[in-house]
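I've put the structures underneath this note.
One chain, chain A, appears in both complexes that follow, with chain B as partner in the first and chain C in the second.
Showing the complex of A and B:
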């Protein structure tokens, strides 16, 4: 410390408040303006528009007729909405647990010191994610064919994998897990590398075995990664579209009701020029996703 | 400049701007330009100046380039002043309709001059007054039109388009397997006779079935079968749904269930991954379908060349179509309606245009002179110059034999269109949903029809409103 710096004591110092210039004030906003403008134009504007639209009967052109909350009522009283909600909840709940367990264990195993050639293993495990959702579903559609499918040919059976809707929903879950494992494996890998090795080494010194380290050290320290998984995966599952539709339809259309995701109702309404109803369904879906996310944040808070 | 913008003010500005944008977007569309209000009078004239028109199609512009190229080759004089540009907003018809709605919402500026529709898309835009009425233009072509095909180009008695693809009902069958079972398909008149023949077929050809049908019948079965009758509409013009009490619907529901659940059909639905291999594997002996199947069967079972024949559907359900067909309409907002009609009339209302179109995609024509030209070309069954072995193997004239167009032409005499409402696709989708529940045994016949009617009433209301 120099002598000069100690001359003025804090009690006697005159606070210096530099006057901000216009440029300084506007600069941060200019920096964020590309995002802000695109956010307003491409997200906020359309979102507000769709909220307004959800109270109108509108064919996409011509006059819009105000119908109050009728579009919301129509959707909430429509059994198709609830069947499709049940389907997506089954897709979500059915795949989330096996996916998190498998992806996490795969990450832990690959992270183990005993595994050699990690640089080769990691890209190989990531391969399913490189296959587009539609292409993956088409592959599995052939794999699960009733009469000429690969699986039934191997089994020597004629199991109606995609004909019986109760089975078909589980086929959708299998495809989601297959693709999702690759992505979440990488995320969990990243989470594992962020754990301080000193903590695990201390546990080893204290005599903790591999299972104890996994349960009492690794999993608690990965809590935020798990939260990320559950929130993002739930949002993705509820908005699922391609996989059930490609697996369930025969002519490139939409899947039958018993395996259709809830987005099909939005698409159906748009196709039929019922834009108000499509907007109302979308907002109901938004509310559901927001509620699920809020619940998960509360659950993982501590 | 020393003015300050507080964070609050900035956010307030952003919110106001967003609300302004939303409000602007909510404004109802203005009526389209002057061209939209001027219905053309009299016959088309040939402008000297070069005119460019846009033709909206789905499935990519490449698929249609062959037609515009053919047209340019056949009509070099017209092509000298009339240029056609294809636009394709997506892979399916719904994408085209979405693009049209968007263009109409924006005031009609981006509307194409002509647009392809499947017939079920026509009522929405025809009732809205967005399609040009072509009655005046069609006067000189009326005499040459196949009588029953006229309905496919009309809505409520007025010509709104030119039929570019008819989809008459045709029964494809394996002659060798039918002969083995001693069945002559032309003698089958009733549903009961058809079922008896299906059982006989199964006994004579172990491992093969007369039909294929799973629990999710393709959508075209419903409108193919229902369009046989004149009174198959879902509702009256006041929006009262009455179909649930209509015996036609009950028959179709029961027929399809009988086909799918009584063991007379190979258990797979059309266009499933098993469908093609099942044809190749001799599992399927016939298909009650539409003329477009000529484009698929040779590809599914190329080794069965010469074994497949065509005939009309049995008498009990001979009339009808798969959705009428594809219709090309001139949009009311077109800036060049005369040139637009000039193009579509030469393409599909003149024999040489219709023949070129058939050569390109094998689609039957709606004009008598075209039918003759196509029949003559088909009878020759000649391999076009430059066609590869691969393409010739699956060419319908080679696969089915030269006489197949005779049956297709005959089938056009039984064309009838399902009476679609402006919300017809929504109605059909609800009907299909409940029929599947009936097929799976989750709903009874009455329940499925009544629940479908209740859903239509609740979700659609009056489709004509």
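Showing the complex of A and C:
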């Protein structure tokens, strides 16, 4: 028996393995190489270069001096950074809740069975997303103008919407909500249509009314979409740039400090050839983004 | 919002049911109307104001123009030697970038979806890992590199950083995974080589996702502002988005020329609107793609 089994032992049996032709082996690498090479040259390389730069003082020419974590320290002790951070937090906290409530409400309304012309309503509500962020900011800058703006004309007042920084930050939030609603409504609506109708029908049979169904069935089932919203929106908020800068400045400059988002510090440092400082600030932003996403994944974990 | 016929409500009198049903439908339509007005009225003011003279805009900012004028649109062509150049810059940058991006992503997605090769999962995992890294961290490094190449104030400095997109690669790969291998084998038996399989089988079958991604990417590049403000400081190479906030009254200076700005906003939205009306379905699916898992 032992001798017999040794003969057919798998180690001695040569498995049939078709030899791949050379072209078969090389083809996938040829297909991915254009993407990979551009990715390394235009994203990974510059990102790593920025990471290295963040430990140096470098003005774009001459010698770069190693300064350790000084650039990070400088940014973290710089009052401008914290003012801009506070602005961004206000933009985020101020817009996230109204945005998710309004966009979800829109989605629920459009999805209602009694709405017959969904194919007409949906594109109409999406249109603000076609207006570029810059154009939307300009449009509302005109809208909220102090002396000639549409709103002050209707109200018959001279409210300094954009001159008073405490009000102006809320105008930024309004513009973000206006444009964001169109986008997130479409996503929530798609989420709603992908919900299994059997669960909802079972609830109808059990006698749940529309509001109960919304709160106890639809919203819990939409968890993943809401998580997606909060993560993407938080990341997007840290990277806010166009809206406050176009609303807050004249002639395409950067917004005044009391309105400026944190990205302005990166841009400012690059313009002033403080590349190490700019790199450190941008990597700090990454750390914030990573931290926020990690927090939210923990919070929403099943 | 009781839009669905409630089993209990059928027990109540017919007229009461009809009344509540009518009320809920009315309320839904009323709320929708408010949302539509909120969405469209600002866009309408943009359109109306672009047909007013600056003087009339100050007196009559709310309603239709009393005197319709095309002055603002004419000003776009005269402004600083022709702002139409900036529209062309935007178009060149967005079209070139979209073309490159779709081709690069589709080729790589094909390999990741339909070939087994050494390092496939490792490379793919590494690529996905970088999705968390915002493009802002590349800015200082890219700026220095482009400055050394003397590429500041060129169009390629605006195009190149946008051509790779890991999320695009991921979207297209997910779609290509669903395409049956038998289709590829059939083409191979017929004697198609690797590139022919890609071009004659993969591209046509994954056209919906390629179109959706192309639209999404085009929109992103057309609307880009942050990076172009850094690398395009000369009027001749600036895209329209960078120019729009800078438009001032040519005579007085320092005062925004609102009529011209509004006309510019309308013209910068128009191409997107046309694409949207033509490809509504791909457009809306490009928004939800990747966001909602069926």
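Methods note: the second predicted complex is superposed on the first by the 263 of 302 C-alpha atoms of A that agree within 3 Å, B and C clash if a C-alpha of one lies under 4 Å from a C-alpha of the other, contacts with A are read in each partner's own complex, and residues count from 1 in each chain.
The criterion applied here is as follows: a contact is a pair of C-beta atoms (placed from the backbone, for glycine too) under 8 Å apart; a residue touches a chain by one contact, two chains touch by 3 or more.
Worth saying up front: this structure is predicted, and the values here are computed from it rather than measured.
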Room on chain A for both chain B and chain C (clash or fit): clash
When both partners are placed on the shared chain, which of chain B and chain C touches more of chain A: C
Which superposed partner A:80 touches (first chain B, second chain C, both, neither): first
Touched partner set for A:204, first chain B, second chain C, both or neither: second
Touched partner set for A:36, first chain B, second chain C, both or neither: both
First, second, both or neither for A:256, with chain B first and chain C second: first
Touched partner set for A:271, first chain B, second chain C, both or neither: both
Partner chain(s) touched by A:44 [first = chain B, second = chain C, both, neither]: both
Contacts of A:98 with chain B and chain C, given as first, second, both or neither: neither
Among 40-48, 148-156 or 220-228 on chain C, the segment whose C-alpha atoms clash with chain B after superposition: 148-156
Those residues of chain A which chain B touches in one complex and chain C touches in the other: 25, 29, 36, 44-46, 48-49, 53, 60, 141-142, 147-149, 250-252, 270-271
Residues of chain A that touch chain B when the two form their complex: 20, 22, 25-26, 29, 36, 40-41, 44-46, 48-49, 52-53, 59-64, 74, 77-80, 141-142, 145-149, 162-163, 165, 250-253, 256-258, 268, 270-274, 277
Residues of chain A touching chain C in the complex: 23, 25, 27-32, 34-36, 38-39, 42-51, 53, 58, 60, 102, 105-106, 108-110, 112-115, 121-143, 147-150, 153-154, 178, 181-183, 186-187, 190-191, 194, 204-205, 207, 209-211, 214, 224-225, 228, 235, 238-239, 241-242, 246, 249-252, 263, 266-267, 269-271, 275, 278-279, 282-283, 285-286, 289-290, 293
Residues of chain C defined as touching chain A within the complex: 1-4, 6-8, 24-25, 28-29, 31-32, 35-36, 38-40, 42-43, 45-46, 49, 57-58, 61-62, 103-105, 107-108, 110-112, 115, 117, 120, 123, 127, 130, 132-145, 147, 160-161, 163-164, 166, 169, 193-194, 198, 222-223, 225-226, 229-230, 241-246, 248, 254, 256, 258, 261-262, 264-265, 268-269, 272-273, 276, 280, 284, 287-288, 291-294
Touching residues on chain B, where the partner in the complex is chain A: 1-5, 10, 14, 17-19, 21-22, 25-26, 28-29, 91-92, 94, 97-98, 101-102, 104-105, 124, 128, 214-216, 218-219, 267-275, 277-278, 283, 423, 425-426, 429, 433, 436, 440, 455, 458-459
